[in-house]
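Supplied in structure tokens, the structure appears directly below.
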Amino acid sequence: MKLSSRQVCFFLAAVSPVGKMVLLPARLAETAQNDLLFPVLAHLLIQAALIFCVLLLSRRERTLCALVKGAAGNAAAKIVCTLFAAFLLFAAFLPIVEQKIMVRSIFYDTLPAHLVFAPFFLLSAYLASRPLRTLGRMWDILAPLFVLGMAGILVLAAGSCDLGALSPAGAAGAGAFGSGVRITCAWFFDSALLLALIGHFPYSKGLAWKGTLCYLGGGALLLLFLAVFYGVFGEVAVLQTVAFARISAFFSAMTVLGRIDYLFLFALAFVMAFFAILPLQEAVGTLTEAFGTPRLAPLFSVGANVLMLAAVYALHFFPSGSVAAVTQTLFWIFPLFTALLPLLLLLLFGRRPHEKIS
Amino acid sequence: MEKKEISGNLKEDEAALRRQLPAQDILAFPFSDRAGRAYVCLFADALTDKDLLAEQVLRPLQAYTGAPEAETIARCTLSPEVRTARALSTLAEEVLAGNPVLLWEGADEGLIVGTKKVPVRAVTEPPTDVAIKGPREGFVEDVKTNTSLVRKRLKTGELRIEMLTIGRRSATSVALCWLEGTCRGQIVEDVRKKLAAVDIDAVPDASYLTRFLTDRPRSLIKQTGSTEKPDIFCAKLAEGRVGILTDGSPIALTIPYLLVEDFQASEDYFVPAYRATFTRFLRLFALLVAVYLPAFYVAAQLFKLQLLPVRLLLTIAGSIRGIPLSPSLEMLLVLIVLEILNEASIRMPKYVGMALSVVGALVLGETAVRAGFVSTPAIIIIAFSGIGLYAVPNLIEETSVVRLVMLLVAGSFGPYGILLASAFLMVALVTTENYGVPLTAPFSPLVGRDLRDTFLKYNLHSLKMRPATLQSPNKRRLK
Amino acid sequence: MKKFLKALPVWIWGILFALLVATFFSNDFGLVDLQKTALVLAAGIDREEEDFVLTAQIALPAASQSGGGASMEITGRGATVADCLSEIHARTGWVPKLIYCDLIVLGESATVNVFDGLNFFLRNEYIPDACRLAACEGSAQALLSSASAVGDTSAIALGTLFSDAAQKSGLVMPTTLREFAIGTFGASASGYMPYVRAVPQEEDSPQQGGQTEGGQSGQSEQPDASQQGGQKILYSAQETALFAGGSLVAVLTPEETLAFSLLEGNVYAGTLAADGATYLILQDSGAVGIGAPPDMALHVDCTLQRCGENETSSPEELPAGTLSAKEEERLSELLTGYLASLWETCAQSGCDLFFFRRSLWRADPKEYAAWKDVPLADLSVRLSASVKSLR
């Protein structure tokens, strides 16, 4: 096995929440105003249920490709895996664009040259060609970094936070809730990310519950972050593009010490870089397995990253448009692979592990 | 056709051996016993204790009247270390190793006498691993002395010392040490195989072997532990590692290596746990500062001023006015000067080195600042970085390269470049494994119990088990 | 082929390293390094007809090295704030960076629709939302260009005036861009910021400057500064500018500012003067109670200690700073009067300084809908102050 169940739990608790801390808060504040917690809560609960299902599916300790191959043959497996890899590449777009926006905002004082973001794809290509075990080990490192970063920014932001800004609950109305849920679909594809990992970690007793609780724990931290974010910025929250980088700048000791919050921001940015790479790596892994060519993994990796590099730079001057296209026009693609596919697989292969599949 | 074995004809045997040992420092001493039988003793001039040879071998043999069998002749000598060999090549090797060889008329075997006298440095405190509290003995260049230092500390039958000879021409003695039942057998087997596969002319130092003991010899990342102190060496054996002592080198190698080892000093085990924890974190902090400070200083000036408080920034801005170089080139220049000074002061004779340090640190630095070539903050930062690196001396080779790379990255891509380079480094570190043990364990993969003796140092009573990372078959060390 | 593949990673790393070195030595991707940067410490906004006039106070590093806080002011003019900055850039060659901008001063002319100018600062991701705001008498350009009598640049002197310590004295009510924006864009559409007046030192000695009824002074003073000659300026920020709908609607007097500070519970070790004596405010807790509309209550609790008198007392009369019951009553009345004056100013100006509408919105959106357009003057407000002596 390439991953351990502990590492999977770390991913669910500490790595998956960071992907939702850049653009999502401001977008949600725009749509759902002070009710921004409810759409996220709804997504978290749905995703938690789906993650439970995916973890149940992982009891067979077979990969997605192997499951489909066992049931429907090699050709079907290739089709499903190719489609799934295409989805992962599509899903990777938003985190990478977020990464790019975040880099511009927190790592530079003035607009940096286009070139500075390119090395990200080097790291991505390198990591995507490494075995999955590498990523699991990184999660062991990233989990404490996430905790440190989150604790740091939340503590620094606490003094400027007015949680009363979240009142009155429900004032935005059902319409705003619905819109909030719809536009945030693109950020909640954790079950699909986990689906690509099944078969690469051993199923230990109670892992489904543990994993789900870990995800909910990470989700609770995310909700706390969103609450603090809205508490700090209130009505001007919509202007805070890179949410996590903005909330901690009001700590009074900063005038003496300088921006000590950057320590925590860099820790979170470090975790985010690996989160942004994950869908790409999984897409490469899925394709490699589907076509049974592990030696070609570096080539797939280079291909996927060149494709993403081209997409990101081609849409360089359309950041809002490209994000809106993913979150508002093509949002329906996400439930297909995050909900429908896992549920379908569970329906087909959800029997006890000792039972044979035809 | 060249003879390969002793024939019994003394003249022929001596001539054959002489052909293999044509060097002028190989001497022959002919003599005869009371029965008139001719002998010849071949020995290496500088490596043999001639007094001992005369006292224990030659004088008793001159009075010998017995049969010409090797066994009875050996019994006649007073030497406790006597062996026999038939092959001329073996005899030649022994002579070269400092052990005199005795041949006589009618002999079917040569007699090897252990009266070697190799110049050996006294056991002193190692300069690279000084402890204020704790043992002060250090390994020396003689493998036998070193094994004795180990044996002195581990008086158990479980201590295995396997002697190997490596090097086609140097025939260097290498001692493979481990504690049977404590060290995982597979590791011993793998190390033995790797050492056996070494086919090299000479092994002047233990560092030559490190390249052969890893699967990724080209890697920048260090993959074998090293120490000059027998107490540390023994502690590592007791944790379940394999140790390698090399003749001619005071550096002992230990395998498998964990990155966290180099943040631990022997002294940490002789001071209270809270103090050890503090100093370990201090070492980590010093190393991080040493590696990242020059990079962040450059990145802050070029890309992200906000990394510095405004008043500090204004002070820096005042200092760099009129400096002709860009911040990145300035820092690179100062860093290279530091490396040159460092290199020169190590290589120079001691007293010249001191003068050089004065010239480098005071004259060069002061003059460069006054002349406006470099700024004061750059000198301060590099000086601090230079000092910080020595907080973890065993990683200097690697960290100085990483510092340079970070500086280049910072000057090219700014803080995000530093973050990505750190990510690369981290991925490379977590991927590295040796003998089935990940380099970054017990942090990644996480082994909770082993964290008690990493940067944190628990009290001895809490360290009842051996590190699980090393997969020792004997898990408990404290009852 | 096998050999090539084996050596490939080494080649790749080698090429990457070569590229890195090449990038390092050729690096000038439009870099704006420290030497090309104008570090803006404070910005002043004025309006001239339709144009903005932006005064950027720029830190001068050479002087700062010698311990001073030297600066220079550069002014740009344009249709927008961004235009002004471009003009500054074009005229000096330095790129103005606002990352350290800790103060935005609004001149009198810029106090109507303030977010016309502040929007730039609010939306720019490189400008900290934690920067402080102030309105000033006259033009912001004149204020920032004035020479501070305390030796620092005007931005640093004003920053000292808005410090936490000054806030605890109850003499000044500082605010940040974020807080002001939240207030203005929220249900109450109101905000406040200190109102700064420049006081030339030659005219007002430190002893006289900014005297209030109780002799309180919010000026940054330094007795020997007068010897430095020239038009040295002290700054007074004891008044507070009130904004409604993003425009200046009133200015609170120092007494009203103190009452506002007391209501916010900010005061610790401030002073209160009355009837020829000075009292130390040791503990303060204020409360703004929003009951069922139109009910509202403003209440202040203080613990005071007498700390100075203007008439000599005999040793027997020197109490341990305790207040008599009569004094307590008198001071309670005084503070109630301050609160009444404060409320009156707010009600008349339409500035919802206590965020009544916001509180109502948070508590009950339906009530809010019913009351959001009702003038503040129509609210029934109970005012009370309770003063206790240090026992």
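Note that the chains take the letters A, B and C in the order they are written out, and that residue 1 is the start of every chain.
Just so it is clear, a residue touches a chain if its C-beta (ideal position, glycine included) is under 8 Å from a C-beta of that chain, and two chains touch if they have at least 3 such contacts.
All values derive from a computational prediction rather than experimental measurement.
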| item | value |
| --- | --- |
| Farthest-lying chain, centroid of Cα atoms versus that of chain C | B |
| Centrality ranking, top chain (CA atoms only) | A |
| Distance between the centres, which are taken as Cα means, of chain C and chain A, whole angstrom | 40 |
| Distance from chain B to chain A - Cα centre to Cα centre, in angstrom | 46 |
| Interchain centroid distance [CA atoms averaged], chain B/chain C, Å | 64 |
| Chain B, residues touching no fewer than two other chains | 303, 305-306, 310, 413 |
| Residues within chain C bordering two or more other chains | 23, 97, 99 |
| Per-residue multi-chain contacts in chain A, two or more chains | 109, 112, 115-116, 122, 255 |
| Sites on chain B touched by chain C in the complex | 218, 301-303, 305-306, 310-311, 313-321, 326-329, 332, 405, 408-409, 411-413 |
| Parts of chain A lying in touch with chain B, wherever the complex brings them together | 4, 6-7, 103, 107-109, 112, 115-117, 119-120, 122-123, 126-127, 130, 133-134, 136-138, 140-141, 255-259, 262, 266, 269-270, 273-274 |
| Touch list for chain C against partner chain A, complex | 16, 23, 29-30, 32, 95, 97, 99, 102, 122-123, 125-126, 128-130, 164, 176, 178, 181-182, 185-186, 361-365 |
| Chain C partner contacts - residues on chain A that touch it in the complex | 105, 109-110, 112-113, 115-116, 122, 160, 164-165, 167-168, 171, 232-236, 239, 241-242, 246, 249-250, 252, 254-255 |
| Complex contact set, residues of chain C against chain B | 10, 20-21, 23-25, 27, 31, 33-35, 37, 39, 41, 59, 61-65, 97, 99-100 |
